[in-house]
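Next up: some structures, all given as structure tokens.
Shared between the two complexes below is chain A, which pairs with chain B and chain C, respectively.
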Partner chain A sequence: MTRIQHGPRKSWRRSLYGPRCVLLAAVLVAVPALADAARAAHDSFANIAASTFDLEAQGVRELAVSGSPRAAAVIDALRDRRLFAWKWPRPDTPLYIRIDTGFVDARTGNPVAAPNRVNLRQVIVNDSVRSAIDTAEGALGLFSSNVATRRKAADAIFQTADAGALPLIERALAKESDAEVGRVLREARAAALLKSNTGSTSERLSAVGEVAARADLSARSLLASLQGQTPQVAAAIGAAVHDIDRRLQLWALAENVYYGLSLGAVLLLAATGLAITFGVMGVINMAHGEMVMIGAYTTFVVQRLITASAPAIDDFGVLVAVPAAFLVAGALGVVIERTLIRFLYGRPLETLLATWGLSLILQQAVRSIFGPTNQDVSSPPWMSGSIALGGLTLTVNRLWIILFAGLVLAALMATLRWGGLGRSIRAVTQNRRMAAAMGIRTPWIDALTFGLGSGIAGMAGVALSQIDNVSPNLGQNYIIDSFLVVVLGGVGNLWGTLFAAMSLGVVDKFVEPFEGAVLAKIVVLAFLILFIQRRPQGLFPLKGRAAEA
Partner chain B sequence: MSSRGITIDRRRLGLLGAGLAVTSSSLGVLPDLVSPAKAAPAAPETGPIKVGILHSLSGTMAISEAPLKDVMLMLIAAQNVKGGVMGRQLQPVVVDPASNWPLFAEKAKQLISVDKVAAVFGCWTSVSRKSVLPVFEQLNGILLYPVQYEGQECSRNVFYTGAAPNQQAIPAVDYLMNQVGVKRWVLEGTDYVYPRTTNKILEAYLKSKGVGPADLMINYTPFGYSDWQAEVAKIKTFGSAGKKTGVVSTINGDANVPFYKELGNQGIKATDIPVVAFSVGEQELAGIDTKPLLGHLAAWNYFESVDTPLNKEVVAAFKKSVNDDKRVFNDPMEAHYIGFNMWLKAVEKAGATDHDAVIDAMVGVAYPNLSGDFATMMPNHHLTKPVLIGEVQGNGQFNVVWQTPGLVVAQPWSPYLPESKNLIGDWLPPMSCGSYDVVAGKCLGSHKA
Partner chain C sequence: MQLDRTTTAVTLVCVLGGSALLAVSNLLYPATSVLHVPDFVISLVGKYLCYAILALAVDLVWGYVGILTLGHAAFFALGGYAMGMYLMREIGARGVYANPTLPDFMIFIGWNKLPWYWYGFDHFLFALAMVVLVPGVLAGLFGWFAFRSRVSGVYLSIITQALTYALLLAFFRNDMGFGGNNGMTDFKDILGFPLNRESTSAGLMLITAAVLSSAFLLARAITHSRFGRVLVAVRDAEARTRFLGYRPESYKLVVWVVSAVIAGIGGALYVPQVGIINPSEFAPGNSIEAVIWVAVGGRGTLAGAILGAIIVNLGKTWLTNALPEIWLFAFGGLFILVTLFLPRGIIGLFAARPAIRGAPEAESSAAESAAREVAG
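Showing the complex of A and B:
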């Protein structure tokens, strides 16, 4: 756009990093070439206060290996944004750490009189500095007395190792007693050696072997990043990467199955409730997704209440939410059945319209009460992170959901098979008039059945709150999938629901890597349409007179 | 929701509208600027000036759009306390298009031809803007559109107060390339027009910077996607090729949280594979668990945490007006703040609310933006803007880690795409054209390439 704009002259913003600071920092870096360790520590402090991220990261790396007793405190302060520098250039580049009671000098740890805040600026951290901090903390953690800390530190060192870390790794290795940590350290040493382009060919070849033995993504990433090797080493690296790729492909297959099962578990959870209301009772319940949503909001409310009243069991709020969500959604289901559904039995079109309208009402009601924004349902620590199983990375939250889905289905089947309510439900669905003649209050059973299905949907909401957004639209995303699962599995058959959910999940996840997530959904839908054409009764239709009635 | 407060008596409005229609038709012979083809509905010359607010207050987009209505109501109320404009009070007309794209067009038509608003502040998604565009062009209305978008559009009747791609996407990629040293790129987006177009531009841009096809992966997922396992695993594998990898995310609002959660669960930290997002702002982070997002990046032209006196004052005024300390202020809200004040200046400059006069008066108006400096309305109906890169903090705010040294002038037509590389938009005479081909030397129409 060459045209000169009207209005005031464009004022150029002063660069974030003034040239003066850079100059000063550059001088400070240039000086310590022949300085002793203490002097180097001093200048790494100055670098941390410099206003370019490169110098700052360099300062962190230098400080970590300087052996300065203040290193850990300063790096911690930097990470937690408690480190402050002088805003204007000053030859002695003071650095302060803010503590609860005031400020301490970063270099000495002595308390200082609170400096005027006008003169201070917080030392900002970006990603490159943060990765330097991670390395530094790794370096500092290598000498911890705790094995787990050392293990974590060794892993961090492996990820970021460079030539500068070699002496440190040697020192740590000499002291290390734990076999596992020792192995990771040797791998880190091999990685550092490879990156530093030093060592003889045979040393480098064995280093390649050592890193390749890890056979994971970080080993592959490290090996692939090595450039300018001698032909012999390069060939070894090529072979190692190829080898890792082949092994990872096999694991990727297993990983895909896991992803498929976990998607299947989510589908199963969402669909189980519908398998009762739609499958057993024959009510086309478009408000089913909203029951799930209400379960998720119950989780939110329960978490809030627990945080407010009993913070000690905060981490188990999700568990408390399971029965709460069942009761809330179940009670709502009973109310809906008594006030709306029961007038519409045998009129599927009207039921569809009425429940769809109901779903809109429920959504907007939740939006009016809780606001349109997503609600914060936090994941407890025992539901975060992942476990490594060979080359598999199993995310813990999905693992719990698979387990939970299985438990819910098992409990439901047990109730239907052996429970008093279950017997009545089966009796009513199989032969309503005979059941009534035997003294079962069929309208009441209808209400309870609908409540049971809704309650299970509410429990699904608890699980979904851990992996999806708790928003008024939560349910909409699952209603279509739920119907697909129930129809595919065969209406009225819980085993069918289980099988359909799992196979839909696995097929989806196997198509996804090739076709992308959007097309995967379309492919699955097309497959379903064809299947329903061939087999309208689903995979496992009910047999016998009851089904034909 | 705090959407009460404005109630419109439809019957009275209807009568008023009918009366006005009679009046304006009887006065229609006035030799004003209205050309017969573009019959601008004449706004009344006395009484309050009506301002249309066209944001979804229900449905999926309410999460993003409802706060924009609150900002507009605050700005209008504050201006009325100051005496309105040209001695006339401002009257907001709030409609709810309910996240329903065709309804946007209907409501826009109602605002312009029934309510006779002087200007409309509204829309969020590109599809809603595309839906109302023909209405505004046909009825010669004024739309102030406050959201960052994909460009490739330059209408005479729209003032784009959000960022064009070169005011958000390109500088963000530059930051990753030059400051973080990213060599491999994942362009991850939700499957609709904004990510598709933005990624097309970014792909061309990255190729022009020498990024090979092997170092580029483009993925799309459906709206509201929540099962990110396989996608994240794919990114992880892609990132293991030994070069620094970065993700440029045009994932839309709701799907973001599960995405970041999955990244966290699979052990990918911002230091391993940084993600820079174009649709994650303070509003999207409000009230969610930000742990998995810490350190990831977002590119905007404004952050609530910007440390200027003017920003502090406006944010405080907003929190007071909605009576909620927890509410946040974000980039599109700043865009409405600038756009509204520019429109006021333009109305004063034109001395009337007449659409043609105001459209001409808007160009060249400057107003301070909240991060310091001045935003200027350029002849291509876009603003000059600073570009800021922020890192997500634990409190749901952003910490600015980098910003462009000066203001960036918008290029609505991307120079990196072959079909638009010769195009510019310029609504000042003698060009007066939304897509002018500088090589062929001719106008290609009002807004289409």
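Showing the complex of A and C:
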């Protein structure tokens, strides 16, 4: 407890000699001598209403570590501008908190008779006081009954590494029951010790070890910022920084792979449908992106309907949207095939133009119905947040999308391999006439195949609605990428599509840190242009007579 | 042959005579006269003529060699950027920051030195050379890689689209030194003629008309030569042409580069008339739009490309003003209707014989069904 007065005493001296604070010094000198702890608390209460922001910020800090039961209420009041002080110098520096029914005494919390407003001034704050308030509220959080709050507060204390917080940390450590929070607190203690330039060499060495064990960026920057250490400690710090750097690099590598895979999953979702319509049927569907967009809008509509009719299952609206988007986009795909595509079989370039026109119409239709602005699709709670895995932070929605992309691909492969429709699709693509002779209605299979590809695009839209803006242009951003994935993977080869999507995603994310996102995209595109020229049939070419394809 | 001569003559008369008439009535009659053509019509027509040059370039490769290019607007925009750089340097110290060497946008992003690739653009002739060279060299490199490894059909279309998309992204970057997002604008004059003077606009329009006519005659000369017949042979049966001893890739490459240069010149004429060049000119949609102009007018007819570019853009100007909601429906519908019901375009309605001889559809559908048999 003795250390607590370290701050106030210093300020006392400064205010005595500081020419600006003569008035305040007079007030402080006039304060009657009290017991040590009480005086500390009293001084910080007085400082909070001081006439300079520096003193005021200091008062906030002192109050936070004073252990006063009124600290939280007073600091809250200060933040909310409900704290009032006496306008004129007065030895007892009264402080009031305005509440709905009147005023309470800030020190005791007892209601007081409303003072005359003429005598009051509101205590105002500036940025430095505000940041002191933030720290103070963090420190107060150390004694919260909620483990997560304590953990957060301990982290914040570690970040500030304020030597003045040491006694506070000690007190919190003595009370702490949770091992995880205790660990962070010990790290914070080590950090504060290192910052304070006190302690013996062996104490400081063990503190370096404790901080280094965190092995994250904040530990690194803390260690790297320490100056003027004894050679032994400096060497330990150097080694620790080096070690952290190496570990961070490894984590960054892993993180890049994860980001790459999640981008790859998005590409895979967008391209899987295309792998059916383009890869299997050979139809260049430039409106494929719009099928994705319609899937996203279906999600929006389904969420609205559920919120309106069955709020109980609100959180699972996205799950309902998956089959709905499949059906809507699939049905639209069947209609498009019957009314447009079937007249253009064997004319790929004309198909390209007609479907481009179709994509313009679909975009404008959606724009006319829903308006040009982004629609708000909400993420359910079970899809938000993140998971910390070692030094990695994995966002949950990306994890779901990777999982979903895998599921969609697996389901599609299973359908093509074992399903009745899949068998017919394979029969028709392998030998149309023979399939017709065996009684398969080939035109109907064409329509269903196109519907299947479109439906998968619709399901991709559900996933994309969780990570991208739902606007009429949504599909445009994915169409070129999707084609590149299908072409890279080799037409008509789903494993190739998977491999191509994942490698494109990972390559993109690995180029990004060096060159920026846009240039990464350009590098990937340039690579693909060169690649297609080397291997026009993709990574996994089909064997056969496709010399002219 | 008779019909072909007639369309050629009609096209030249319409392009040259029409623009001359417009220019005369704009400049000679006072604004109050009924015969006076307002200034905005002049700049609009100048713009259409530039689009017609782009359409001509697309028709040369799509109509006669069967390369469906989805990236020709990239060459158009590159030519435009080369001209834009000259116009930017021509501003000199009259910019907002009054810096005699650095364009405003460079000062804005804190550059203090002109990048090396801007050297020389203060000379008009150098800029003209770049208008030809930049699209030409890019097309040459791209085509050399693509045709040599026999990338064709839809694959070629997709990588041309990827090309223009990559350029779009690249030019959006501020540190490319081409004005980033905003591109270049605020041009003052060209060769000393102020751009806001009506005689300059009329003059630019006339020059565009003359260039369009020359490009038309050049394209016609190419397609009517022995060389052009080989091009059509490549379009209709590439493998057969190869087996006859020709090298299709060389023929494709030459006409591809010529087409890119024509597109680049069109872009260079476009920029001083619209007064701005920015990365959106690289948008893949623009290239596809150019393809549909050709499809509407009549693929493989040259005159049809010019006609299509002008008609579609007239419709666009009118509809985007009158019924902006309807425009994309109409434009999208145009793609579908033309490909389904009007495969020979407007010119095809008047031509007695098919504008595209042979049976490209039959050939490609045979190849397609072969591919479909193999696929899966």
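Rule of thumb we're sticking to: the second predicted complex is superposed on the first by the 341 of 549 C-alpha atoms of A that agree within 3 Å, B and C clash if a C-alpha of one lies under 4 Å from a C-alpha of the other, contacts with A are read in each partner's own complex, and residues count from 1 in each chain.
Here is the rule we go by: a contact is a pair of C-beta atoms (placed from the backbone, for glycine too) under 8 Å apart; a residue touches a chain by one contact, two chains touch by 3 or more.
Here the structure is a predicted model, which is why all the values come from computation and not from measurement.
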item: Touching partner for A:G439 - first (chain B), second (chain C), both, neither; value: neither
item: Touched partner set for A:Q430, first chain B, second chain C, both or neither; value: second
item: Contacts of A:K521 with chain B and chain C, given as first, second, both or neither; value: both
item: First, second, both or neither for A:W356, with chain B first and chain C second; value: second
item: Touched partner set for A:P381, first chain B, second chain C, both or neither; value: neither
item: Partner chain in contact with A:L263 - chain B first, chain C second, else both or neither; value: first
item: Touched partner set for A:S368, first chain B, second chain C, both or neither; value: both
item: Which superposed partner A:P69 touches (first chain B, second chain C, both, neither); value: neither
item: Which of chain B and chain C A:I124 touches, first, second, both or neither; value: first
item: Chain B and chain C contact sites that coincide on chain A, given as residue numbers; value: 364, 367-368, 516, 518, 521
item: Interfacial residue positions of chain C with respect to chain A in the complex; value: 68, 70, 142, 145-146, 148-155, 157-159, 161-163, 165-166, 169-170, 172-173, 238-239, 284, 288, 291-292, 295, 325, 328-329, 331-336, 338-340, 343, 361, 364-376
item: Complex interface listing, chain A residues touching chain C; value: 279-282, 284, 340, 343-354, 356-361, 363-365, 367-368, 425-426, 429-432, 480, 483-484, 487, 491-492, 516, 518-519, 521-522, 525-526, 528-530, 532-534, 536, 542, 544-549
item: Complex interface listing, chain B residues touching chain A; value: 1, 58, 60, 62-63, 66, 179-181, 191, 219-222, 224-227, 229-231, 233-234, 236-237, 239-243, 254, 257-258, 261-262, 264-267, 269-272, 274, 283, 286-289, 291, 295, 297, 363-366, 372-374, 376-380, 384, 386, 391, 399, 401-407, 409-411, 424, 426, 428
item: Chain A to chain B touching residues, read off their complex; value: 1, 3, 5-8, 10-13, 15-16, 53, 124, 126-128, 130-131, 134, 159, 217-218, 220-226, 248, 252, 255-256, 259, 262-263, 266, 364, 367-368, 371-379, 384-386, 393, 395-398, 467-469, 471, 473, 477, 509, 512-513, 516-518, 521
